[in-house]
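See the structures that follow.
Consider the two complexes below, in which subunit A is the common component and subunit B and subunit C are the respective partners.
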Partner chain A sequence: MAARHKSVETKYMEDRDKVLRGLRRLDRRTFLKVLGASAGAVMAKGLMPPQTFQLVNVADASVDKNASATGAPGTAPFTFAYISDTHMYVRTLNQRFVKGAVKAVEDVNALDPQPDFVLFGGDLAQTGRPDELEQGKGVLSMLKAPVKMMVGEHDWFYDMGEKWQELFGPPNYSFDWKGVHVIVLMSVHEKDFWTARKLTPAERMDIVAGLDNPIQSRFEVGDKQREWLRGDLAKVPATTPLLVFSHSPLYKYYRNWNFWTEDADQVQALLKPYRNVTVIHGHTHQMLFNQIDNISFYGMLSTAWPWPYAPQGLPPLTVQMNRADPYDQLDGLGDGQVDVNKDGLADMVYNLWDRNPVTVPAQYLRSRGNVDRPPAPQFASY
Partner chain B sequence: MRARLFTPAILCAVAITLMTTAWAQAPAPLAAPKAQNQIGFPAKLYSWVIPPDNPQTPAKVELGRKLFFDDRLSADGTVSCDQCHAPAKGFTDQLPASMGIHHAFGQRNAPTVLNALFNTLQFWDGRAPTLEKQIEGPILNPVEMGNKSFDDVVAKVKAFPEYQQSFQTVFNGAITMDNIEKAIAAYERTQTAFDTPFDRFMAGDQKAINASAKRGWSLFNGKGRCMSCHGWNPTQPLFTDNRFHNIGVSAHKSDFVPLARKALVLTSQGGGGLQQLDQLAIQSDMSGLGRFLVTKQPHDIGGFRTMGLRNLLVTEPYFHDGSQQTLWDVLDHYNKGGVQNPYLDGGLLPLGLSESEEDDVIAFLATLTSPEYAGVSNEELEKQRARSKTDRPQRDEAAAMGRAGLGPGFKGPFGDMTPAQNEENPASLGGN
Partner chain C sequence: MISKRIIILMLGATTTAAGFAIRSALSYAQQTAAHDVPAAQAGGTVVMLCDGKTSIEVKHLQPGQKMSRAQAQAVSDELMAKWKGDHPGDRWEVAQSSPATDSPIATPGGETFHGEKALGNAPTAAPSLAVQQGDTYASFQPRDYKVWKAETDKFVAEGKRVFHDAKALGSTIGISCDMCHPDAANTHPETYPKYQVQLQRVALLRDMIDWCIENPVKGKALDPNDPKLRALEAYIYAQRKGAPLEYGKH
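So, the complex of A and B:
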């Protein structure tokens, strides 16, 4: 067990040793290998930052996309913004996370032109209390663009979604947008661990929010909702691009922290017939991207706190944002935009608040990392 | 007032400023190259920052010194480098913003030359990578030294016969802009400032600083959070992280987003070279954008370099626009968590420092004065202390103590960010 779970430091030292060992015996072959590795390191250190000013470039970018792509019929490029994982306590208890959420709202409102809609990625509240959710709705109501809501486990497990659904409607739904079929899932169902143990709502909420308590099950979309998804997709031809929003990643990243969806494989199987599928998820609070078969996955940034990368299971295509500056409450946090191209594939913009923004082009994932590798943010590590 | 304590030094500096023929004289004590055996001198770091293509030699340093104090280098022969970087004033001008030819004022506070060799980038916004390159800003800037071109400067120096021999010795006679820059930079690299009471304290002398300053050092590293940007360690004892932070100073008078859009248009039309950036930074309302002018990155809007803290009682007033008169004003600014704006650095929080805690931090800051400035520094401290009793424009007790945000409604568009202020004062936990 201990050998499999390597800390970030251990992995860093191992990588470093590998490079240094390579340097010691420099035949031509190893030399080239080391050269490649150090070129990667230069990129990863952010020595080639994207020279963009986002407020302006997003607008230009969505126009440029028209020229090159060969898309599905009827698909027009568009941009939507995202805000995710605000984790707001009530303001009188903790203002820091409220401030983060308001900052994100201001960011999105400053976009010119405005995005088509704003995806909220879940975990609006921290402990799922009705007053937190109402306060959250108040903050999001300051957005100028329409909001598409998604639910997270922090919103759900105090009253099993009662207040959230009263405020925002059903937790899973779908709609069509400019030729793309958009599906919002409720991916954080858990098996009942509370009834038999006679837990209070607050205790149930705390256990789920803690993520690593072993008495809870892993997150899942569940049989019922997968049936709904199958029915929803029955009407959608395989040439239509799909955009899927889920709170937890729709793959298995790291079980111990519930960075995980137990029935991810079944959901992926339902999405398999479609040529272009993009999954945007919250929950992991970090720059995170992955490609599995036909599906591109992007994790969203949080406005509350950044999570460290898990000790194992990190998708190899992910360019790490690495540790946040411990003195800087905004470092590693942010919001962002998704530019949907004419072919329905999505470029992801990570608008890191105290670092340079990073754009992850769809082609980077589709080519399995062969082209368009995004540079890591500057100030890579502390 | 100061002349009472430093009569020979002041007279000498004044004489150099006034008399153009003074270039040939021996340097005044405060202008002379500094010894490297100062307590706390970072010898290793020093060896790293001297550029290989511009090694220090005594003849080059001497030539650089002459150029530094020669006001004939400006367009109308009235402004030398030391007009804004006067040795007697800690190599600053002690003005909010600097005055150039024709008594024109810019918009930035002159940073000190002392320890500038250790800066990873020069200027408040880091628009020049080296001391050599930095010189290209003021020498052409219309409200500083005002020359039309580098060629004009070179022609001027060529015409002064007294420089012929020095350039012959140092650069084989080549009088070029490159070599003028190298010589001045070499002189500037001799201006180091250590050997302070604090350095002696860190070297083991418990009596070098008093109890209040020791409490201040503890607060500096704890509750005051100062060290998160103004860090000190034996290898890098400079009290700066060499990075850029929006602490809200220019939010007082800048509307960031329209300014940023304007700056983007202007720099894309004008090429965005050093000269253009220099003029935008010194002469335009875009000055308040700070680091953004250079990087065009939104998170750099309103960001300015973390200044080192040594000798800061000789380099008043404070901040990039010289807008704060006393260290009490500076601490009040940080104590309330800076000035709220959309690009405020995430490290700025209300600190909850009491009056006596601010006094302690300032007592610590006063121990960062090098011995040659001890007299003027003490006088300045007492002057500021007196002023702080009556005039505290930045004091916001409620915001500092985290009470402002608890009332009804948001305070400002971003609310207050208030940590619990009930933890024990770290100063009571250690630090002798």
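So, the complex of A and C:
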């Protein structure tokens, strides 16, 4: 039997994805070659920029990945994908968020070659109910690549992580991958605000789920886990690149919305001896990046809804994404990939649905914004 | 023995029917300092002005009896005449605007609101003699401003409640405004009215609120006079206090 018939649109989108993925991996000479080829394809289809996949911005991503003179020991470059903040209610109540998560799973499954693993960035569920978490596990089980799970506050505060841990194991762990030491943290512990108020589990969850609800406490990694981290790092030499995953940003962005980790400074101090550290976090639902000393930070996109940029505290290196169009329910959402280079530093790819993807090369942050600046938004926050 | 009955009349620019004035004055008396009313000397009832000093005895009024409107007005006039006689050249509004009358107002619900912005323009001190007096505005006291602020805050707080409550918004899919707009961020009420391409017309803030309720929230659009819509507007505007008005901005 013949291969399944593909529509013109499907073929076009497949070509587009292939070109975009390819461009990120090219040196300059090959880049120009592919650019010429894609321009030819564009002409053949009678399409003209900017309505095509011939992206000028992608030229920014054509940096030589091996040029960095950090002297880190040999790390084999690898790519992992991410999906984050799916916030799924049970599908009988709300199908939209489930559809978003499924769309991200399809995106990742379409990657060729497949990523080494998929980081799930937390907030799988919206209200932390066992049926939401089980449904979420079902959606993620459709992924072809192995999944590394991280927990978010929406998964935790209904039963204080009981169901999540039953499904996915301990919330903090570490592993080594192709010369990089990878650490997954549980950064959304909160000091007890519920016992004295005699709150039910559902009330506690609702308060934490409200980003602007001031009753809750601030997120923290906590003394116990910081001790665990200290012990975990004791075995890791300072020349080893570190990749740290946390749900909340491991720095202080905006306190009122818990775009914040209360003990971030202490965690950063533990990471300080390492030359190349990259922190990938969820929770903020926006293109967000920061550099503090030796640590590069990247926020992940959500598949459920975008958050506005906070009124204060935005890291100066962050280039805002365009304001989300309320008339397009996929706008401002997406998933993405992280390309880990030979030196262990990471290029972040924001695969924004219904928009051109944006790559933030490691060199942009490491140069403090001097090179490889991502394109500026047309419509920044009000 | 003659029982001592206390009646304190509130006099001022807004004095209404005497019966009403007596009732409200009694509740007012309960929350302010007790006035020492002299005993009746001629078998009538002593009526005291709310300055706590000026009083007359109404001889024809026995305990338990009610006055007609005309009688009450006559008593009021007589009291004020007596006060004016005792205070030649003084104005009642100025004389009564001492800090002692500025009793605290309970905030509705007894709570303060996150993101609450202080209301401006309330005078912090009583007007002095050097200030123009006698018109409607000049006769409002700090207590009045407190009442208005409490009422406005209550309205804003109701808007905040609806904004954060998927059920109150009528959402069929568990979505509330705050999920995309924490602290009403990115609602930019100061940019309306403006032409909204997708609506093919000039939109007001309420049009966009209704659009959001119908679409992402999946509820039913609210009537422009619906108390919920009015409260939502109040909350959203309150969060953007100080932002310059820029109608038409995109």
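The working rule: the second predicted complex is superposed on the first by the 303 of 382 C-alpha atoms of A that agree within 3 Å, B and C clash if a C-alpha of one lies under 4 Å from a C-alpha of the other, contacts with A are read in each partner's own complex, and residues count from 1 in each chain.
Basically, a contact is a pair of C-beta atoms (placed from the backbone, for glycine too) under 8 Å apart; a residue touches a chain by one contact, two chains touch by 3 or more.
A quick note: this is a predicted structure, and the numbers were derived from the prediction, not measured.
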- Could you say whether A:Ala202 touches subunit B, subunit C, both of them, or neither, answering first, second, both or neither? neither
After the superposition on A, what does A:Arg96 contact: first (subunit B), second (subunit C), both or neither?
both
Discussion item. With both complexes overlaid on chain A, does A:Gln329 touch subunit B (first), subunit C (second), both or neither?
Written reply: both
After superposition on the shared chain, which partner residues are touched by A:Trp257: those of subunit B (first), subunit C (second), both, or neither?
second
Message: Under the stated touch criterion, which partner chain does A:Asp212 make contact with: subunit B (first), subunit C (second), both, or neither?
response: second
Query raised in the report: Touching A:Ala238, do we find subunit B (first), subunit C (second), both, or neither?
Result: neither
Request  = Would you sort A:Trp305 into first (subunit B), second (subunit C), both or neither based on which partner it touches?
outcome  = second
**Prompt:** Is A:Val371 in contact with subunit B, with subunit C, with both, or with neither (first, second, both, neither)?
**Reply:** neither
Notebook entry, point to check: Of the partners subunit B and subunit C, which touch A:Gln126 in the superposed model: first, second, both, neither?
Noted result: second
Going through subunit A, the residues touched by subunit B and also by subunit C turn out to be 95-96, 327, 329
Given the complex, residues on subunit A that touch subunit C span 89, 93-96, 126, 210-214, 256-257, 305-308, 310-311, 323, 326-327, 329, 379, 381-382
Per the touch rule above, subunit C residues touching subunit A in the complex are 114-115, 164, 173-175, 178-183, 185-186, 188, 191, 198, 211-212, 215-216, 250
Subunit B contacts subunit A in the complex at 225, 228-229, 257, 260-261, 264, 295-299, 342, 345-347, 349, 405-406, 410, 413-419
Subunit B partner, complex, touching residues on subunit A are 49, 51-56, 91-92, 95-96, 98-99, 102-103, 106-107, 110, 325, 327-331, 333, 351-357
